[in-house]
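In structure tokens below, several structures.
The same chain A turns up in both complexes below, where it pairs with chain B and then with chain C.
So, the complex of A and B:
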């Protein structure tokens, strides 16, 4: 593995409102109040439309729940009067979601990207002492329950793209499920 | 002897000669059908030449012509006996050319008187020398391995043919070609060696067929063993590894190999991964530097080894789909030598792709370690045969697994649907003061909607509608729990919100399963029209008021059942008048989407109700169903859809 693989492969959160993933045509829709206690329930309501054929449904559930959690907590500040809107579509090959909140948008996006880049650089240098400072992303608003890691995982998981809109209060994401094969294509 | 009349033809030896030649030719023509090497053709050509010669000589009875034709005939003989051996072909050509030159010289001497000083017996000796040459050659080469049928034939017939032809050539010198006895006896007898050749060819073809039959018999035995092995593996367990292991064992035992490997193409990546390791297989590929060169370490490394397409000798087979057969691996560039220890020393190797139609699904390989016991072509054929049939078995197994998985999913979805069907009321009860209509359409694999109608007192009817989050059997089980609790506690004097509180306490945190359900509940006094309504995050209640001919939407904000044990649900009281309609429904109704991506919505539902307000509840429900179905068109139903319509008749 070359020294720069981490950096070449770098995943960044991008803002791209014109990305096709923001196209809502044919997507199912649900909206929820920003009640932190019900995040798990909302996630289940969404995931229940995923076909039975999808393996690792729990991982999908967890990832969706993280995104909704971000919308409820960091976007809408758990204000039940504010809504979280979710557009979604699943089949055995993909999961496509758009999650929108009524917040002011993810202002720390650039800070997060810089943090992530720094973290990956340190990882590439294998400087484990420094790495300790880059284990999780925290801001002044973070509380003890914020792991600060959800977005790192999200960037890895949503392998078909993870984009914010210009206002940064909506995120569109796509997961492509690997298809089983028994022969060389 | 000039033939000038029919009787002369009959009396001459010509007919006998031609008859003999024709009869033997028939045999060779028959043999030619199965003759892959074309040796029958040389015999047929020789006999055709002799037939022409005999006719010519009968027409022009010149002894010189006979000798010239014999010299050429012996060229055919030389060709038949020596041509099967490539090595002697240049010498053969030289001898034939020499024969022809001498024949030419003899003709020139006869016609133009050239080289008249040469005695004529000298030319008569040529056939004798030819046949002596054949005899010496056949004698010297008698122990050389006879791979082709042609070699086997000439190897078998020379002890008969050479003496016969030698005797014939010598007789020609002694008696002269004009001699009647020679013409009538010696010539026809000399053709007898063709009979020997024909009979020998027949025997050879028979032997060949017997060998082929026994080869196919043993192939069928091998296949039988393969199927016998893989069959029980299928019966006993459902792992790919077991099926491959039995296939591998069959290949190893049928090819008498010391070890066998089977690789399968990875499910997601373009890699081949070792799935079965039988016996002992010295690796023909580079081992990692760090791997200790110990038998057990190398073996366990090989048991899980992976290759990219084109990488190493196994990856090569997976990439090209071509067989690799290396009877002796010494100095073969495709084979990597990792050391001289017994477990690293490979002697003989073959690898074949596992193919379904033209798709490569894996690679099978076998190895021998003893240098004196290399794989033969026959082993290689056997290996290919078993790999082909084994691949069929494996590919059938894959289809079976896929079908099994699918049927497993279908089955669990079926169980859930069955539970749901069995707990939803089959018959909708009707009451003097209250008409009820309902329908519930489950979506495949979801099974989360629930409704119920429970009469708790002569004047009190409780209607419930719910939607369990999640899907399948676990959702159906939650539904069963909710229903059981409801049926136990609904018959109470406490208000209807208390019922929801109790259900929530009964469900929340009790079992280690995420379980949430929305629940809407109304209790109707069928004599007075008084209604109590409580809601656990379910869709808003729609109430049609006849007095104002409009729909009221009743919302009670709350959380679903299952979020917190301490949740206190609110209640609302209302009073219905004659003709008023209450509608309970699940999200599957209002969120049903049409082809344009528009939801049916509460509005769509309200419109149907207002439009059909005068109909009986059962009819209203049917209209909702009809409108919804024409609204969504061909879009797939993704969630259960349930509607409950209550209409007061005071």
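So, the complex of A and C:
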């Protein structure tokens, strides 16, 4: 990948509560207790309503699981009394989700954006020695099971937008799936 | 997730079978750390039978890769495919990890 591709590609996590992706009209809804052991099960309950035409369903499941994990673990501190609320809709063209926790909100958002910008600059320079310090975003609260890379992938995957609300405890996201091109006879 | 170790010359091949997710990725990390304690220096991690990886799995690979690099030992990750490859591409780590397409290629690279 060329240097320019990385630099042109710099995405940021944004706060935009008025973004249309926060419109819940017509979306399905589920809520779960913040049980860390059941994150993948909760994810499957949501993904099972996705149509079979969606290719790479494994990848969709993985990306949804990451957002739910963030809500359960970092938002609600795996407190089963706190709920994770998910609004969602799928069809062959898109996946749209809103995931909300009952936590304090993503306080390190600006720090994360600065870290990611530096990471992308280093990737553009192809400096893999220096990149070693930027492969994983960690805070004082991170533990050994935190990969520290989920949001890097999320920003790339959710190509229709990835926005936090003002309190930063809810995130809305959209994936647009590529459509088959029909040849004109 | 099931881990099997086999030996080819000086190389220790770890065959990973199953899903590298938030519940079990630590097992691979622990295994590699134990092997390092036993003075193993050449690692090939075979992901041929891994169809699912999440950020914890990627985090485990990052930890293993950086630890082995710091010790000046050798690591190659091989047979990455499907959504596992996609997730690594999304995190832009394809250039960071030492990757080959097959175990044979990994063994050849180890000999260089």
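Criterion: the second predicted complex is superposed on the first by the 177 of 185 C-alpha atoms of A that agree within 3 Å, B and C clash if a C-alpha of one lies under 4 Å from a C-alpha of the other, contacts with A are read in each partner's own complex, and residues count from 1 in each chain.
Heads up, the rule we're going with is that a residue touches a chain if its C-beta (ideal position, glycine included) is under 8 Å from a C-beta of that chain, and two chains touch if they have at least 3 such contacts.
Worth saying up front: this structure is predicted, and the values here are computed from it rather than measured.
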>> Should chain B and chain C be called a clash or a fit once both complexes are overlaid on chain A?
In response: fit
>> Quick one: is A:41 in contact with chain B, with chain C, with both, or with neither? Answer first, second, both or neither.
In response: first
> Between chain B (first) and chain C (second), which, if any, makes contact with A:150: first, second, both or neither?
Replying inline: second
> Given Cα centres, how many degrees, to the nearest 10, is the angle at chain A formed with chain B and chain C?
Replying inline: 90
> Now for A:59: first (chain B), second (chain C), both, or neither, which partner does it touch?
Replying inline: second
> With the two structures laid over each other on chain A, which partner does A:114 touch: chain B (first), chain C (second), both, or neither?
Replying inline: neither
> So after superposition, what is the minimum Cα distance from chain B to chain C, given in Å?
Replying inline: 8
> So which positions on chain A get touched by both chain B and chain C?
Replying inline: 37, 40
> Mind pulling up the chain B residues that touch chain A in the complex?
Replying inline: 264-265, 267-268, 270, 309, 318, 356, 359-361, 395, 398, 409, 412-413, 445-446, 448, 469-472, 475, 514, 516, 537, 557, 559-560, 562-564, 587, 591, 593, 597, 599, 638-639
>> Quick check on the complex: what are the chain C residues that touch chain A?
In response: 21-23, 25-26, 29, 51-60, 62, 66, 69, 82-83, 86-87, 90-93, 95-96
>> Under the definition above, what is the set of chain A residues touching chain B in their complex?
In response: 24-30, 33, 35, 37-38, 40-41, 44-45, 47-49, 51-53, 80, 178-185
> Which positions of chain A touch chain C when the two form their complex?
Replying inline: 1, 6, 37, 39-40, 56, 58-59, 61-62, 65-66, 69, 120, 123, 126, 128, 131-132, 135-136, 144-150, 152-153, 156-157
